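Scrolling down, you'll hit the structures one after another.
You will see two complexes here that share chain A, one where it goes with chain B and one where it goes with chain C.
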Partner chain A sequence: MAEVVTLNNPSAKAGTVTKLAAGPKGKKPRPMLSPRNIMIYGALIFAAAYYLLPLYVMVVTSLKGMPEVRLGNIFSPPLEITFEPWVKAWSSACTGLNCDGLSRGFWNSVRITIPSTIVSIAIASINGYALANWRFKGADLFFTILIVGAFIPYQVMIYPIVIVLREMGLYGSLTGLIIVHSIFGMPILTLLFRNYFSSLPEELFKAARVDGAGFWTIYFKIMLPMSLPIFVVAMILQITGIWNDFLLGVVFTRPEYYPMTVQLNNIVNSVQGVKEYNVNMAATILTGAVPLIVYFVSGRLFVRGIAAGAVKG
Partner chain B sequence: MTGQANAGRPNQLLRNLQSKIASIPMILTAVVIFLGGTLWTVFYSFTNSKLLPRLSFVGLDQYERLWAAPRWLVSIQNLAIYGVFSLIFSLVIGFLLAALMDQKIRFENTFRTIFLYPFALSFIVTGLVWQWILNPEFGIQSVVRSLGWSTFSFDPLYTPSIVIYGILIAALWQGTGLVMCLMLAGLRGIDEDIWKASRVDGIPMWKTYVFIVIPMMRAVFITTLVIIASGIVRVYDLVVAQTSGGPGIASEVPAKYVYDYMFQAQNLGQGFAASTMMLLTVAIIVVPWAYLEFGGRKRG
Partner chain C sequence: MTINSVSVRDLSLSFGAVTVLETLNLDVKDGEFLVLLGSSGCGKSTLLNCIAGLLDVSEGQIFIKDKNVTWEEPKDRGIGMVFQSYALYPQMTVEGNLSFGLKVAKLPQAEIDKRVARASEILQIQPLLKRKPSELSGGQRQRVAIGRALVRDVDVFLFDEPLSNLDAKLRSELRVEIKRLHQSLKNTMIYVTHDQIEALTLADRIAVMKSGVIQQLADPMTIYNMPENLFVAGFIGSPSMNFFRGEIKDKGGRKVIEINGVDFAMDAYPARGPMEAGRKVVLGVRPEHVKVDEPGEEIHDAIVDIEEPMGADNLLWLKLAGQTISVRIAGARRYAPGRAVKLSFDMSMASVFDAVTENRV
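Now for the complex of A and B:
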C-alpha cells in the first residue's frame, strides 16, 4: 500500500523539490513543443490509441447493421446507426435452444455477484480483524496456508470442492457458487483487511477493551465505522473479479444459472446459425459494461484495490 | 501433574474463544480446501479414476500417459511460448509506459485510465474483441488488403503455427496496464536525489534508468514477475473465448486440458495428473521467490 500512497502525491513532492533546487538561476521554462515533449506525448498518444482501439471497434461494430458489417471495414464508423443489435443481444440472442438473450445471464450475474461480494467481504473482514487484533495460537499458520493457497491454480482445488458441495447438496446451485467465490476471494481480502486493521492505532483497541467491549462490540462499533474506505476497495475488487469470472461459473452452476460471461461466450462461439458480429459485439460491450462502469466511477480506488491485491504487504 | 495439565487445557482453548469461533471459516478454508483439497488432488492423481474418483492405484501411469499425449505436449509448448513472451513484453512495455508516465506529464490520470481499463474487463470480453479484430475476413487483414496490399496476410487465429501469438496480443492488451501501474508505483518510490545526482554527473537518462533505477527496483520487478507468472499458468478463459483451443489443438493450454479431462472427457485421473503438473509449475515459480522474500528474515 505504501507504494500507492507515493503514487498519489508525487506531483506535490516533485513541486517542492524543484522549487528548492531552483536557486538563483531558476529553471528554464520548457516550451511545450520541445522535441522531447513531442516524443513523450507522441509515444503516449500512440499507446493510448492502441489501448482504445478495441473499445472503439466494439462500439462501432455494434452500431452497424449486418450488411454494413459485411461490406465495410471494422474501423469505419457506422453510416447508419442502429440499436437493433443491442436490443437483440439483450433480449433475443440464442444460446443453444434458449433464445432469451443476455438478460438472463445479466440477472444471474447480479444474483451471484451481490451476495458473493457481501459474504466474502464479511468473512474476510472478520478474519482480518481476528488476525490483527485477536491473534490466537496457530492463527498465523492458517493465514500462511491461506496466502500460499492464493497461488495454487484453481484447477487443483476444483474437484475436491465439487465433492464437498455435492455432499452438502449445494453443487450446481447459486449458494454453492457464492461459497466458492467466498473461498477463493478469501486470501487477498483477508490480507487486505489484516493489513488495514493492523495499521489502525492500537490504543483505540486497548481503550475499548478496558471499557469492557468484547470481540463483536469492538468490530461493529469501532472497526467497521473506521474502515469504510477499505470496504469500498474490497467491494471494487470483488465486484469486478466475480463479475468477470468464467471458470467457476462454468464448473459450479447449472446452465440455467450461468453467469453473463459464460452466456456471452456461448452466444458468440456457438457454431449454429449465421454469425451476427454486430450482435456479438453489442453483447460483449453489455457484459463488459458493469466492470467498466465500476472502474470509471471508482478511479483511483480501483488502482488502490488492484495494487493492494497484487502487491503483498 | 496430570491434574495441572487438565486444569490448564480448557483454559487455553477457551482463551480468545470469540476470535477462534469467528475464524472458523478461515480455518476450514485453509485446512480443508487449500491444504486438504490440494493433497487430495495430488493423491488421486496416482489412481485410475474415470467418471468418479476411486482408490485403485496405478503408480505413475497417469503421468506417463500425460507426457505421451500430443495434446498435453502442445499445451506445454504453448504455455512456454506464451509465458516467455508475455513475461518479456509485459515487463518491457509496462516499464516503458511507466517511464513515459513518470516524466511529469500532463493528463497523467487520463493516460492511466486508458492504459488500465482493459484490466477491468474479463478475459472472455478481451478474447472476443480480439477474435473480432483478428478475424481474417473482416479484421485487420481485410482492412490492410482493401488499402491495396492484396497479398498481406495476418491471420493468427486460423494459422496453427502462430495462433498462440494471436492470444498473446490480446493478453498483453489486457494485462500491461497493471504492470505499468506497479512499475509506476516503483518509479515513484525512487528517491528524487538519485535523479539529481545523475543529472549533476551528466549521465544520460537511459543510462540512469538501466544502470541505477532498474537495479533499485529489483523488489518491484520480482513481485511483478511472480504476479504475471502465476497468471500465465492459469490462462484459460482467454483461450476458450478467443479460439476454443483451435484450430485443431494448436492453441490448447494446460488449464484447459485439466478442465476438459475432469468435466468433459470424464477421465478424472488424467485431469488430476495434469493439475498436479500445474501445481508443480507454480511451485517452481513461487517457492524460490517466497524463500528469497520471506526466508532470510522473519517478516514483522
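Now for the complex of A and C:
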C-alpha cells in the first residue's frame, strides 16, 4: 500500500488526506439543549403532565385519610399513606341499597364483558370473512344495512330493544345485556374484519379453495392464523367499550346485575353521609384499571393491527 | 390419445354490466402446453379462474377430461393451480403448505408423506421443508407453489403468470425448469402470461387474446411467422413488426404494394386469396426479414437514423418511404448514423393485412 502511495505522487496525496481528516467526520453532533430539542421535549412533557396530573391527584387523594383530605391540598403527597379507602371502595362502600362496595359490580362487569366480547368478535369476524371472501348474493346490500346501523344513535333503539327483550323474557338479565352489547358492536366490528380480510391477498383464498378447503376450514386454518393483530384490535375495542358502558348497563339490567360503572356512579353520587373523596378516587381508579391494563398489555399489538388495517384497507 | 384435456364451450362471463369473456371456445389437447398470451386486462386470469372453478361462469360449459365440470367445485376438477403472488400459506411451513390440500382431502399420512417427498425431490426443495414461506427467496417460494400443485397428482396444471414477480435471471431459470417439468410429467398445462418470450419458448400452442377474444390459436412459429391479424402481428416480436400502410397495384402484370410512392413487389408473398388492385392493405415485415447491403431482387435506398448494438444483434432504425423501419442484422456489422444503405425485403416471410378488417390477406 505504501508503495502505491509513493508511486502516485506522495506529496499531493498526503496533502489531501490531512485536509480531509480536518473536516467533519462521522455522526453529526446534535447538542441536547438545542432550541429544537427544547421545543419538542418541552411540548411533550407539558402534554404528558397535562394528562397525568388528574391521575396523580386521584392516586394521592386515594392514599390519604379523610382528615388529610379535608385540609384541601389536593396536590400534596399523602403524609400518612393508607390503603383504607381502597379496601372500602372495593368491599364496603354503599351503593344505594347494599354496602358491599364495587366488588359486586366488578364481577358483574366481568360476566358482561367477557361473553359479549367473545360472542361479538366471533360473529363479526365470520360476517367480515363471508363479506370479504364469499361474495354471496345480496352481500353488498347486507353490508350497507349493517353500516347504516352504525350511524343510528343508541338512544333511538333503546326503547324498541327493551320491548323485544321483555317479550323474549330476557329483560333485566345478564343474558339480555350481553345480547345487546353483541348487537351494538356488530356494525363497526364487521367493518373492521371485512376490511382486514379484504386486505389479505385474494390468491391465498383461491389457493385454499383449489386445495379443497371449505368455508370453515379456510376460516380456521388460513384466515384466523393470519389475523391475530386485528383480533387484538377488536378485543381492545370491545373490552374497553363494554367495560366503560353506562347507559346500556343501567337500562337493561336490574340493580343486582349493575356493571361496575353504574355502581361507581352510585357510590360517587350517593347523597347520604359525608363525601368520602378518597374512597371515590380509589373506586374510580379501580373501575378504570381494567381498560388501562388492557391497553398496556396489548398496546403494541393494537398499533400493529390498526396500522395493518389502515394501510392495506 | 386425441381426447381433449380441457374444453371450453361458448363460455361467457360478465361482472355486472362488464362482459369480460364472450362465447369463448378453446380446446386443449391432452399433455399439451398451452399458453394464454395477452396484454393486461384482456381476461386471461378470468378465463383461467373459470377453468379452475374459482369464478362462476355466466354462460357456457367447461369440460375437463371429457367430464362436464361447469358446476363442480375447484377441488373436484382435477386441477392444480399456481399463482402470480405464490399465495403460500404464511403460517405454515413449506411441508405444511404442500400437505394442506392432502390433509383436507383426508389422505392417509403415508400417502401424504410419499407425495410430499416426491414433489420436493422433483423441485429440489427438500432442504426447505421445515422453513416458513417468509424465510424463502422468490424463486424458492414459486417452486413451493408449483410443488403444491404437483402433490395434488392432477392431470391439468394452471399457471397464472407464475414468473412475473421474479427478476429476469430467476425467470429464465424457472422457465427452463417448468419446461423440463412438463417434459417429464407430460400433463396438460395452461399457462397465462403477458411475456411473449415465455409464450414462445414454452408453448406447444399459443392462444393470443385481446379483450376477451382469442385472436389466434396456433403453434409459436405459426403465430410468429403467419399472424392471423394485425393485433397478433404487432403483439408478438420485439422490436415489433414494421407496418406500412399502402395500396395494392397492378404494375406490368406484377402485384406490388405502393407505399408513399415506393413500390414493393409482392411476387414472393404467399397470398391466401387474390390480391385485388386498389385494395388498401398494411404490409408487415419483421426486422430480421430485411437485408442490408446484400444482393436482392428489389433494392430500396434508406438512411441509417439510429444504431442500437445489442451484442449478438445490431438493431438499425432507418428512414424508408417516409417512415421509420427497424432492421435486425448481425452484431458484428456496424453502421454509423447518416449512412446510406440498400435494403431488400424477404417478402416470402412478410405479412399483408387488410387495412379495414385487419385480417391476413
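One rule holds in what follows: the second predicted complex is superposed on the first by the 267 of 313 C-alpha atoms of A that agree within 3 Å, B and C clash if a C-alpha of one lies under 4 Å from a C-alpha of the other, contacts with A are read in each partner's own complex, and residues count from 1 in each chain.
Going forward, a residue touches a chain if its C-beta (ideal position, glycine included) is under 8 Å from a C-beta of that chain, and two chains touch if they have at least 3 such contacts.
Keep in mind that this is a model prediction, so the values were computed, not measured.
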Fit or clash between chain C and chain B when superposed on chain A: fit
Partner chain(s) touched by A:Ala207 [first = chain B, second = chain C, both, neither]: second
Which superposed partner A:Ser227 touches (first chain B, second chain C, both, neither): neither
Chain B versus chain C as contact partner of A:Thr117, first or second or both or neither: neither
Which superposed partner A:Thr217 touches (first chain B, second chain C, both, neither): second
Chain C versus chain B, contacts on chain A by residue: B
Contacts of A:Ile183 with chain B and chain C, given as first, second, both or neither: first
Which superposed partner A:Tyr277 touches (first chain B, second chain C, both, neither): first
Superposed arrangement (fit on chain A Cα atoms) - minimum chain B/chain C Cα distance in Å: 11
Common interface positions of chain A, toward chain B and toward chain C: none
Partner chain C, residues of chain A touching it in the complex: 201, 203-204, 206-213, 217, 221-222, 225-226
Residues of chain B touching chain A in the complex: 12, 15-16, 18-20, 22-23, 25-27, 29-38, 40-41, 53, 97, 100-101, 103-105, 109, 111-125, 128-133, 135, 138-139, 142-143, 146, 173, 177-178, 181-182, 184-186, 188-189, 192, 196, 220, 223, 227, 230, 233-234, 236-237, 240-241, 244, 255, 258-259, 262-263, 268, 271-272, 274-276, 278-279, 282, 286, 290, 299
Parts of chain C lying in touch with chain A, wherever the complex brings them together: 49, 52-54, 73-75, 79-81, 83-85, 87-91, 100-101, 104-105, 145, 148, 152
Chain B partner contacts - residues on chain A that touch it in the complex: 2-4, 6-7, 10-11, 13-14, 17, 21, 40-41, 43-44, 47-48, 50-55, 57-58, 61, 69-70, 73-75, 123, 126-127, 129-131, 134-137, 139, 142-143, 145-146, 148-149, 151-161, 163-164, 182-183, 186, 190, 214-216, 240, 243-247, 250-251, 261, 264-265, 268-269, 277, 280-281, 284, 287-288, 291-292, 294-296, 299, 302-303, 306-307, 310-313
